[in-house]
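Below is a structure I'd like to ask you about.
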Amino acid sequence: MTTDLTRFAHRIFQAQPFSMFLGAELTAVGPDSAEIRVVNRPEIQQQHGFVHGGVLSYLADNALTFAGGLALGGDALTAEYKINYVRPAVGDLVVARAEATATTRRQAVCQCSVYVVSEQGEEHLVAVAQGTIVRAGGQED
Amino acid sequence: MTTDLTRFAHRIFQAQPFSMFLGAELTAVGPDSAEIRVVNRPEIQQQHGFVHGGVLSYLADNALTFAGGLALGGDALTAEYKINYVRPAVGDLVVARAEATATTRRQAVCQCSVYVVSEQGEEHLVAVAQGTIVRAGGQED
Amino acid sequence: MTTDLTRFAHRIFQAQPFSMFLGAELTAVGPDSAEIRVVNRPEIQQQHGFVHGGVLSYLADNALTFAGGLALGGDALTAEYKINYVRPAVGDLVVARAEATATTRRQAVCQCSVYVVSEQGEEHLVAVAQGTIVRAGGQED
Amino acid sequence: MTTDLTRFAHRIFQAQPFSMFLGAELTAVGPDSAEIRVVNRPEIQQQHGFVHGGVLSYLADNALTFAGGLALGGDALTAEYKINYVRPAVGDLVVARAEATATTRRQAVCQCSVYVVSEQGEEHLVAVAQGTIVRAGGQED
């Protein structure tokens, strides 16, 4: 992957006001993969003190988009995805890792795992997601 | 639907720090339906000025949970859902309306439509979602 | 909808060996909708005598494809879909009805409900599905 | 995994008339995984000579069910799943491999990859799926 594409990914991420609002970080990118993190804090939780499903969804959605965009080589968007929550999200940190599983000219089918990380660095799977990423402009035109 | 259940739904919603952080409102509840709104503002957008998919996902996820919880008659959580984004979300307001399509003792399969609303009050569909809501405690035990 | 498109839909359906093998019928088509039926018989069942989920999936998948193809105006294929089974499928007949919910130049997001029909003509919902249909050629090129 | 559970899985599979009708075989089972195969032939194809999506769906659905049932330790059923088709299915054989990704007392979230196999034994990914498997009786009661 060219350094240009890495730089492009980080520039796009920093240009997402919602990602900044959540305090999310794009912590790793590869030729067809991406990792996004957010530190747990009260504002991102639901009524039982778990990280809200909407935050896990944001992480999965955005990690899928970046993995797919990197695989497709440019600006991209999530056309659709599904997510299964597998355990309550309790931990210091939430990390989503996505990769493109099958890439064609026009779309990338990507998969994502979302983990909570404890203070001791132990990771526990909290959600898995699968979706379709298309080149930007591709969904609507 | 008992007024108690309506009150319970509003109390749960107000107890979600993430919903408060986003400025979301639970604007309608029925025996098996719920509507959640959020006013558009820069902090919930992505790099092109559209409402971020993560916000649409939050709205769908949470509206599905409340519709399912109301249908099931108590505290509930989204076990899984899928969402299709159908057009860029541009508008003054975003509204998610969900309803339970099929309810059994233990779960409710729910469907949700997410709209943007223009200044003139016109609604445009931006996403559709479908998922499974289970009684709280049901997913993990 | 032109009669040509109706005729085209029926011709495509008849050209699907798997649909013929299952004894399925394309029983209704509209400008953005389709209905497919199959008569229940032992060969399409699973170990408990219910219609096999694979048959409900076939019906949903194919009804989604035809609804989307009709909305898009030509040959189409299902890029992805999700299905929720909501009750065991017991009945004389299984009917899937799909319609395009949001159509753009390149894709149609479609939704489908699958019913069993009793001898008395009563319909019971057994599954709901949602998916993306793209123009043929669109997924791979 | 006890041999009893292996035997149970094969007995259930053989008791599925639809699997027999399709000529499918349960070719491998593990403590939380399953593999199902079907030899390609005209009856399972669609109008372009590719294996019909409904057959890929059957394979994914059933492989998910068996993987989940093995992980849960008994009779199980697919509550829901989603599938992405990633390339036309052309080949001598179609193979679906599923495994349980996250298992709790009541459900297993499973993932599945479907491949076509050429005469030379080369495998190509044609679909990926993800779904929820619940203990039999669990969905409806």
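A, B, C and D are the chain letters, set down in written order, and residue numbers restart from 1 in every chain.
The rule we apply is simple: a contact is a pair of C-beta atoms (placed from the backbone, for glycine too) under 8 Å apart; a residue touches a chain by one contact, two chains touch by 3 or more.
Quantities reported herein were computed from a predicted structural model and do not represent experimental measurements.
Centre-to-centre on C-alpha atoms, which chain is most distant from subunit B?
In terms of C-alpha centroids, the chain at the greatest distance from subunit B is D.
Consider the two chain pairs A-D and C-D; indicate the one with the greater count of contacting C-beta pairs.
Here the pair linked by more C-beta pairs in contact is C-D.
Calculate how many whole Å lie between the centre of subunit A and the centre of subunit D, each centre taken as the average of the chain's C-alpha atoms.
A distance of 28 Å separates the two centres.
Hey, how far is the Cα centre of subunit B from the one of subunit D, in Å?
32
With centres defined as the mean C-alpha position, give me the subunit C-subunit D separation in Å.
21
Which residues does subunit C have that touch at least 2 chains other than itself?
Answer for subunit C, listing residues that touch two or more other chains: 79-80, 82, 84, 87, 104, 109, 132, 139-140.
List the residues on subunit C that touch subunit B in their complex, please.
Residues 82, 84, 86-87, 101-102, 104, 109, 111, 125, 128-132.
So in the complex, the part of subunit A that touches subunit C is made up of which residues?
Per the touch definition, subunit A meets subunit C at residues 79-80, 82, 104-107, 109, 132, 138-141.
So in the complex, the part of subunit A that touches subunit B is made up of which residues?
12, 15-22, 42-48, 52-55, 57-59, 61-62, 65, 77-85, 87-88, 136, 139-140
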